[in-house]
Structure formats: structure tokens, C-alpha cells
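Just below sit the structures, each encoded as C-alpha cells.
Both complexes below contain subunit A, partnered by subunit B and then by subunit C.
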Partner chain A sequence: MRSWDNGTQKTLETIGAWMLGILWLIPIVFSFWSAFHPAKFTTNFDLFAPLTIENFIRALSCAPFPRYLMNTFILVTLILAAQFVLCTLAAYGFVRFDFFGKDILFALVLLQLMIMPETLLVENYRIIKSLGLLDTITGIGIPYMASAFGIFLLRQSFKTIPKELVEAAQIEGVSSLGILWKVYVPLSKPIYIAYGLVSVSYHWNEFLWPLVITSSVNTRPLTVGLAIFAAPETGVDWSVIMAATVMTTAPLLVAFILFQRQFVQSFMHLGIK
Partner chain B sequence: MKRLLGVLLVTLSIFAMMANTQVFAKTELTMFYPVAVGGPLTKIMDKLVSDFEAENPDITVKAIYSGNYFDTMIKAMTALKGGNPPTLAVLLSTELYTLIDKDAIIPFDDLISTPQEKKWLNSFYPALMENSRYVGKTWSIPFQRSTIVMYYNKDAFRKAGLNPDAPPATWDELVDMGKKLVVKDSSGKVIQWGLEIPSSGYPYWMFQALCYQNGEVLMNNKGNKVYFNKPGVVQALQFWKDLSYKYGIMPKGTIEWGTLREDFLKQKTAIMWHSTGNLTAVKKNASFDFGVAMLPAKKQRGTPTGGGNFYIFKKSSPKERKAALKFIKWMTQPVRVAQWSIGTGYMGTRPDAYETDELKNYVKSFPTAAIARDQLKYATAELSVHENDRVYKILDDAIQAALTGAETPEAALQRAQKQADRILKRYQ
Partner chain C sequence: MDVITLKDVDKIWGNFQALNHVNFQCKEGQLLALLGPSGCGKSTTLRLIAGLETPTSGTIEIKGKDVTFLPPAKRNISMVFQNYALFPHLTVKENILFGLKARKVPVTERRKRLANAVDLLGLSTLLDRKPAHLSGGQRQRVALGRAIVAQSSICLMDEPLSNLDAKLRQEMRQEIRSLQQRLDMTMIYVTHDQVEAMTMADEIILIKDGNIEQHGTAEDLYNRPETIFAAKFIGSPPMNILSPDANLMKAFSSMLPDGITPESHRIGVRPEDIQISENRGINVEIETIEYLGADTMIGCRFGEQRITMTVKGKNRLHIGDHITLDWKPDHIHLFDAQSGRRLKNI
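Our next item is the complex of A and B:
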């Protein structure tokens, strides 16, 4: 069998990567195109079509998007912070300590992975109501703070850390929590970043649960606010909905572009370790 | 002097206590409502609510935007099961049986007492009340209602040599004119279709129009029987299919609800059947002369109604119910109905709304707005039965199977009838 030589292989990979990249970019380019041009040019790709910000003005007049953006931002930050703390501690407990009922507890944690959140809608509502947290951002976030996915990921990551490092720290007289903070957490940074990406994008995009639990502008996240443009009875007004989409995804896009190097670097370092 | 001061103090404190109790006596209502058409509707609703609160300082209304009709239903049902239902909600007129089965709502007959209120209950268009009545009681009040109308491109009519002021009035005329309106390019590909009727989204709604035009209704008024396999109904589905496969005036396959208006505005089709809710958007964005007409007749003209009604939930105190009734009566005053209709494109729900100056002037400047109103005398209730969602899916699947050629209309509808009968048996 003839094998590809290095040059051809590299060219093919580069072409493949470019094709995938362009495919991924097309919807974003379309949304920008549609947002900045009047409704007539949504599917008419005339390069010299007039630019306009009328769509953004119309979108903003329909709903208070800056407030919704802040709500979503607070929500995902709150959830992520709580998840980092709770999942780290839980994973550490599962990895380093042996206690009665450890396996049963872990099985329960895994059980959560198998249950769809939508089926828990009514029960979660009842619990949040009894906690008096209806229509608050905390109320939206609480069911997700103890994330089984996070516990599972971190446990796997902690397990790969060699025992010698732990023993070295123990000899130096560091406490258990100190070992966690000084040894386990720094070595698992790529996992935290990966998990953070997943968590933020999942909760940024969540619709049904926030819809059910929130009732006011002060708590409503972007997804529920955007729903006002879906207009199912009459059909979609693309230019306005694209303007709203650009306003709501732009922060994430900008954040990713800014921190792109850090993301990629941390994954590279994982290999070097 | 001291005595006077003492009396003054006591009187003042009594007033203060009364003022306090006045504040405590404020009735708070929560209302879930959907937004299903484009526009800054939450702002319009908020203004209406603050106007009401200004006139009624003892009532506060928390109007909560809850997504589309489907989302609002989920939110209301979750809140109900969670023990915290809203006081009132705007939900689809067809959710009647689902809400009654869940024992969630109360009939308006239990709340009205004066002859004036009885008159109010009877002041809406009868066609719109058909979806509210069950065992002789009225369970909901029309709020944002629509029907299907025929939008047509007058410029395309002129180009095809047709009279732009004489849109098709019968099925035969529809086919004839449709054939003349089809425009093909030099390679034989169709660039303008004669007609598009959407078959995704709410195909059962469009189908109801065709059936009623052929003299058929699809359900009884108890919500426990459907008539999907009657010969007239099968004929209607066959006609819908023939528009694409036999007469060639409509694209084959599924026609998308969400992009139909765009197709019409881009002149990819000369005629479209769509909700009256589109009127404002079409008017604003059409670069051509367009008209609106009633749907054509076969045995008679016909259209189903659509849209949402006010419902009052059972789990509310008598004071809340009275306040909710007051709010609904206020929202359905002719002048408010006119405001909501002009701002959203929904129809006026009562004849005297069209007698108000606002709507009179609007209709004068825009006569097409009156077509939907005039079509109401040919309107029938929207398909509404127990286990609505499941029955909708059964009928929608049958329609799409026939339109994509996967099954014959007869076979698809027979199957749908069997499936629906199985579901509705326990309600008979």
C-alpha cells in the first residue's frame, strides 16, 4: 500500500481544516450580514447593499436586551463558580478518601447524568418555591450547581495525578485541603477550562427551565427574551432576529477570540505533563 | 388643648390604619400571556396594564410574558402542578378541553351576575365564541384572534392578464387563475408559483379551511369525536394534493410555515393562504401592489378561527376572581379591542369595536383590514378535542403523508381516524 508522503498529508489536513472552519463560520457570517442590512437583502447577497442599524434599534425597542444580557451573564457566572467549588470538593472526596457508602453515593451521582432535566421540571419548581426563590437568578441556577458531569470529569482528572506528588506534599506537612489547592487543582486546569466552556454554553442557551421559573425582566435570561422574535403565528422576521442574535452571541464570541490562545495553550501543556 | 391634641392624634392614627389596610387590601393578579406575532407587544401590554391600574388603584396586575402559546401552556401547567398557578392566562382557544380535564379553570357564568355582564358575555362575534362553549357554559373570552385570509399579488395578476380586483372566489377559479399565474424561466424551472398553502407548523388549521369550504367540520362540540374519514374531508385533502400534483400550481412536498411570508414578499408565489396576523408585516414590506381576499368557496366560503383567549384559573380567591373579571372586561372594551387590533394585526373580537373611531379610521385607510372581519360569518371553530396535542399530531402527520405522496389521502385519513378514535374513546 502506498502511503501518503508528508507534504500531501499536510496539505490535505490544512484543506480539511479550512473547509470545516468555513462551514462553521457560514451561519455566523449570515447572521451578521442579515443583522446589518435591511430586511429586503436577507437572502439577496448584493455586495453593495446599504448598511443599516435599524434592525438593532427595532430589536432593542422590543425588549430590554442589555438587562437580559446582564441576567444571563450573572446566571452563568454564578452557576460556574458554584460548580467549580462543589464539584472540586466532591471529586476530591471520591478520589482521596474511603468512607462508608462511597460507591453508592457515586452511583447516585452517575444517576443524575442519565436523567433529562425536563422531566424534573415540576419537582424542581416545587422545591424552588418552598425555598422562596421563585423568579430569582439563584433559583434558576440551584438545580445545576451540583453537576454530576463536573464531579465525574474532575474525579477522572484527579485520579490521573501520580501518588508521588501527593506523598511529597504530605511529607512537607500540607493539610488535605492544601494538597487539593496546591497539587490537584493546578494540574487539572485544562479540565476546568473545558468544563467551563461546556457549562457556560449550556446555561447560556438554556430556555425551558428559565422560562418556567422566571416572571420578570430583572431575572429573565437572553434565551427567553429572544423568544419574542420567534413569532410562530406569522413567521420569522429574519433581520430583526439576527440583530438580536448578534447582540446576544457577540459577548461570547469576543470572549472566545480574546482568550483563544489561553485555551489552546493549556491543552498543549496537558500533553507535556 | 391637650384633649384636642389627643383626639387629633387618635383620628390621625385611625386614618393611618385605614390607609394601611387600604394598601393591604390591594388585590394582586398574575397573568401569563404569549406573544405569537412580531412587534413590541410586551410594551403595548405593559401600557394597557398600567392604564388599567391607574383606573383601578386597588388592583395590581403582574403581566408576565411567557414565550409562545406552547411555552405559555407549559409555564402555566408547571406552575399549576407546583401549586402556584397564575390568576389568569391567555392561552389558545383550543386548550379548552385540556384545561377542563385538569380542573384548572372556572366558567365565566359562575362569575357574572348583573344583566350588564350577561350582555358583555354575548357581545363577541359568535364564531369566536364557538371554542369557548362546553356543556352550556362559557369558559374563555376571545382576546387575540385570527383567521386565515388569502393574500394575493395584484401586480402578478396584472402581468398574467387577470383582473387584480377579482381574486378567485371558488376552487375552480383558484385552479384556473393559479395556472395562469405560474411563471417559468427559460429552462422550464418555476420562478413564481400560483399558490402556496403552508403544510408545516399548523397544517391542520389550513386543512380545516379546505374542509369547511367543502361543507365539513372535523369534530363535534363535546370534543370527543372527530370526523377525519368522511368523504367530504377526504375530497378536501385530495384537492390540496391535486394543487401540486395534478394542476401544478403549488410546489410539491412540504411548504414551510415560517418562510411563507418571505416567499410571498419575494414574489416566489402569487397567492398565499396565511394568518391575518401577517397583515401589518406584509403591508410594511411588500414592494408590490397586494390585496387580501376571503378564502374561496367550494360548497361555501370558510375558515377556522385561531388565536388566544382569556382563562381564569380555579385556584384563586373570590376577590382575585372578581378582580380578574374586571380586568378582562376592561381589556375587552371596544376601544381597547381596537387598540390591540391596530397594534398587533389581530382581528377585533366584537362588532362594536369596529364602530369605534380608531378602527373606523384604520379600516378606512386600510380597507383590507375589514376582509377578516367580513369573513367571520363564514368562520368555524378551530379543531379542539380532548388530548388536543396528540390528535393534532395524528392529523398533521396524515396531511403531510398525503402531500408528500407517501400515502393516498384516503388511506392517511382512515388511519388518522382510527388512531384518534382510540385516544378519544375514554372521553365518550
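Our next item is the complex of A and C:
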């Protein structure tokens, strides 16, 4: 009786997984279908319909997607670089040094984890405005650069490094920063990769905050550009919109397919910690 | 010349006194063993010398200079850790050169020292491997290599052999000792294994609960242990510490001074100094026989007390046999029962 139950369970799980997978795929398949076929085939699923890249050409001429792509690229790179530097230094401080108020500071860091960034929208806007960074890529990135999640992850990773390695490095004459760079950072490589993937995918897909902060083509990231493009004023031409969507999601999709294993491993890694 | 001096060093962690008034000197070119059971403070002493901890009070001098509050990097010492502390992300070669690169030693000098160390330790085939792909003994050698290339005249070792199997330990013991002598290094060697201390060290400091029990050569500790603790710690199997009850006194009172009582005295005699006798001596019953090949350890009982002796090779005795044990007067060690200290005696 028990083995029968196990077998049934496995079958049900497999069916469930497949259903979820198909459910997830349907929008992507639809968008590809619509993007590569002329407008009249958007809802007419004729297998022998002619393929075309006309939608892409039109999308590109209607809105400066390459510029948007570059903006997004600069944005995620800038945020990631700043996060690596700031979170590494902060995590190192928390792990290796004892100072007055350390626990309170760390509690504040953890507090940030509990706050949804959207609730701070107005306050952040005010601060960015007073800094004179409205409608700049830096302005989009600043609220995210000191990431509590990053600090937390790196602190956990740094804590697993045995004290003996630090002591050996000290005896060899390495300075504190040297120890950070030569011992802690190399040994935390998987965490950096995992965090990098999380950060890039989060900020690539971010919409609300960039929408609020940016107002010109020079700074608008892909998400905002696409939304504006798809807005009713320009008319709802699904095939062109789908073409634009494919263009904007393709880079991340390709990256995910190429780095699937690292993605999954990195999330598992985070789970273990 | 005294290369390392500790003066009245105390170390207190919260309420716990780890080291109490530790005073000693280590001479140049000497291998000094810090010996003692787990938790006695020997590793703490080593770490204070290294600069990884600072003493609560007292001073530490290296080559005449007060280094008590100096960071490890400035003390010009090298250290080998119990778990080797090799950097897992670096190859053997990079591990060895780690310190030299950090101190910006010129490349030609680096290469020379590396070749020298690799030669001495037989590491030439392992240079591109990472520590995860090395055996315990190989990792040990890499850790030694890292210490050697630093070319500091002082080397600190924290139980470097305790993670190796018995055979490898013996080989590495000899290798480390010969290396120390060849390179004329001043070495402070922490261990809980009295065999290591006895075979390797020029002088041994026996530590118990943060206090120095005895400081002397291996011979001093073996022949004239200052306390019951020292007597039992050195020598394997450990010295028998007996209470001078009626049985014992009947057989040996002629060898002992007057006024010996079970409340205030203890008699010590090493198992290897006991012989089976035909006539005089103490009557015992055999309880255990352990055959080791070269020796046999015989555990006996008389009254409430147990006594162990060793005989050479095998013999025809059985458990339950009654035999008579005897020993010479100068093999008797007399201790005060309350303080554990050795008494001036025979």
C-alpha cells in the first residue's frame, strides 16, 4: 500500500511540475509568437504563418530601445559595483571588529530588510531632489547601494571563515584591508555570484521607482521605456508591443539559460546559509 | 642568549585565570616544549608570544625588545597552526609565498627561498595543487614551508602533529627536529603529547592550570619530577603513585625515612623500575596483562591499591597469579600528599 502511495505521489508531483512549467511558458511563447509574426496572426495561431521581423523594426523606430537597454545596463552595473564595495566593507566591519554600538547598528541594518522600498518612495524622492540627482541614473541607484541584504549575506559568509586563516595572515604581515581582499573576498566568491545574480535581476526588472525618478530618454531604463511605449496613447498594436517586450526580456532570458546552473546553485546556497 | 622572555605574565578571561605569573626564558637556537593537558594554558602562552592576544599583566620580550603590545606582523616570528591554516583558494606555491608577497620581498629572493623550502621538505611535485587535494602530512609540510620561507629566527608551533596518524607523527617529529637544528631556529613547540616533548625538546615547560609545574630537560622531568602531577604526566605507562599503607611499609620501611604516613606522604615508583622478586618485596595479585611486543604491562593489586609494572618481552604469568614485586631505593620518589611536591629524601 505504501509504495503505491509513493508512486502516486511522484506522479502527481511530476504532473504538477509540468503544469506549472507550461503555465509559466505560455506568456513567453505567446510573446515570441506575436513578435515574430505579422499583426493579423496575433490571435490566429496558424502554424504556417509567415515569420517577420517587421515588428522589431517598427518598435525600434518608435522608441529608442537601444538607449533604454544601455540605461538599464549602466544602472544595474552601477548599483552592483556600489553594493559590492559598500556591503563588503560593512560586513567586514561587523565580522572582524568590535566597536561601541555594533549590535544596534546591525539591528538597524536588519531593520532595512523588513521595510518595503515602495513605502519610502516619497521620502527617497525628496532626498534625491535635494541632492540634485533627479532624472539621473545615479539617482535611481542611490537608495539601493547600501543593501541590507548584501550586508547580511556577506556577513554570514565572512563569519564562516576560520579565525586561524586570519591569524595566519596577520602573522605573515598582512594589513586588515589586505586580509579582506586576499582572504575574505576570494573565499566568498560563490556568495558574490549569487548576490550579483539576485541584484541584477531585481534591478533589471524594477519599474515603479525608476518611473517616479526619471523623465527623459537619457535615463529611462527598459522597464519604464516599454511601459510608456505600450501605453494606450500610442495605440495597442500587440505584435509591436510583443516585439519590444521580447527585446527587453531577451538579455535576461539568455543570461538565465546560459547560467541556469549558477542561478539555481546560488539560490540553494543562500538557502543553506 | 635569551631570545624570548616572559615576565610575570597573567592572562585572565572574565573570571577565569588562564595564566598565573608565568616566568620563563627561551634561549637562542633552542627547541622549548610547552607541555600540558588540554586547557592548561600552553596555547594561550604561545598566542601571547605571537601577539594574537595581549597579556592582562606582565611583559613579553623578544630579543631584548618589549613586544607586549606589538601586533604580530611586527614581531618577526612565524607560526604553524594545529589545523595548518592553509588558504584553501591558493595553490601550495601561493600559500608558501603568501607572506613574502605581502611583505613585498623582491621576486628573485622569493624564488630562492621557495626553492630552498621545497627542497628541504620535498614539495616539488605538489606546487600547483590546492590544499583540498593534499594529505594531512603534505599539508603539514606546506605549513612548515610557509614558516621556513619567512626566515624569521623564531618559529612557534601549536600542536602541529596532533591531526596526523601515529606513524606519520613519528616521521614528522624527526623531520621537524632536524629542520630546527639545521636552520638553527628558536622554536617554541606546544603539545599535549609527552613523547613529542621528550624526544624533541631541549627543555620542557610542564604547565598545569595556568601555572608552570616544572621547567627542565627531559631527563630532569623523568628522573626528578617536582610534583605528583609531573611524575604522572611524564613516562608511559605513568608512574605509580602509592599510599604508604601497612603492606607497603612492611616491605619497604627500611628504604624510607622515618615518619612516613599515608595521610601526608605518597610513594612514587615507575613501572619500568619494578622487578619481580623471589624473596623480599610486596605481595601482589595480577589483574591484567597487556602484551605490547617489546614489553608486557602487568597490572597488579595489593589491598586497595593498584600498581603497574613492565617486563621485557613475554612471560609465563597469568591473571590471578600471586607474585612479589621489589625495587631499588633510588627508584623511590617521595612526595607530600597535600601539596603534591617532591620531598628531599633518600
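Everything that follows uses one rule, which is that the second predicted complex is superposed on the first by the 210 of 273 C-alpha atoms of A that agree within 3 Å, B and C clash if a C-alpha of one lies under 4 Å from a C-alpha of the other, contacts with A are read in each partner's own complex, and residues count from 1 in each chain.
The rule is simple: contacts are C-beta pairs under 8 Å (C-beta built on N, C-alpha and C of every residue); 3 or more make two chains touch, one makes a residue touch a chain.
On a predicted model such as this, the values are computed, not experimentally measured, just so you know.
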Which of subunit B and subunit C A:165 touches, first, second, both or neither: second
First, second, both or neither for A:174, with subunit B first and subunit C second: second
Residue contacts on subunit A - larger count, subunit B or subunit C: B
First (subunit B), second (subunit C), both or neither touched by A:227: first
Touched partner set for A:183, first subunit B, second subunit C, both or neither: second
Partner chain(s) touched by A:109 [first = subunit B, second = subunit C, both, neither]: neither
Touched partner set for A:242, first subunit B, second subunit C, both or neither: neither
Residues of subunit A that lie at the interface with subunit B and also at the interface with subunit C: none
Contact footprint of subunit A on subunit C as seen in their complex: 50-52, 71-73, 77-79, 81, 83, 85, 87-89, 98-99, 102-103, 146, 150
Subunit A - residues contacting subunit B, complex: 39-40, 42-43, 61-63, 121-122, 125-126, 129, 134, 208, 211-212, 215-216, 224, 227-238, 240
Subunit C-touching residues of subunit A, taken from the complex the two chains share: 162, 164-165, 167-175, 178, 182-183, 186-187, 189
Footprint of subunit A on subunit B - complex, ascending: 30, 35-43, 62, 64-69, 71, 74-75, 78-79, 81-84, 146, 201, 257-262, 266, 274-275, 277-278, 281, 285, 287, 306-307, 345
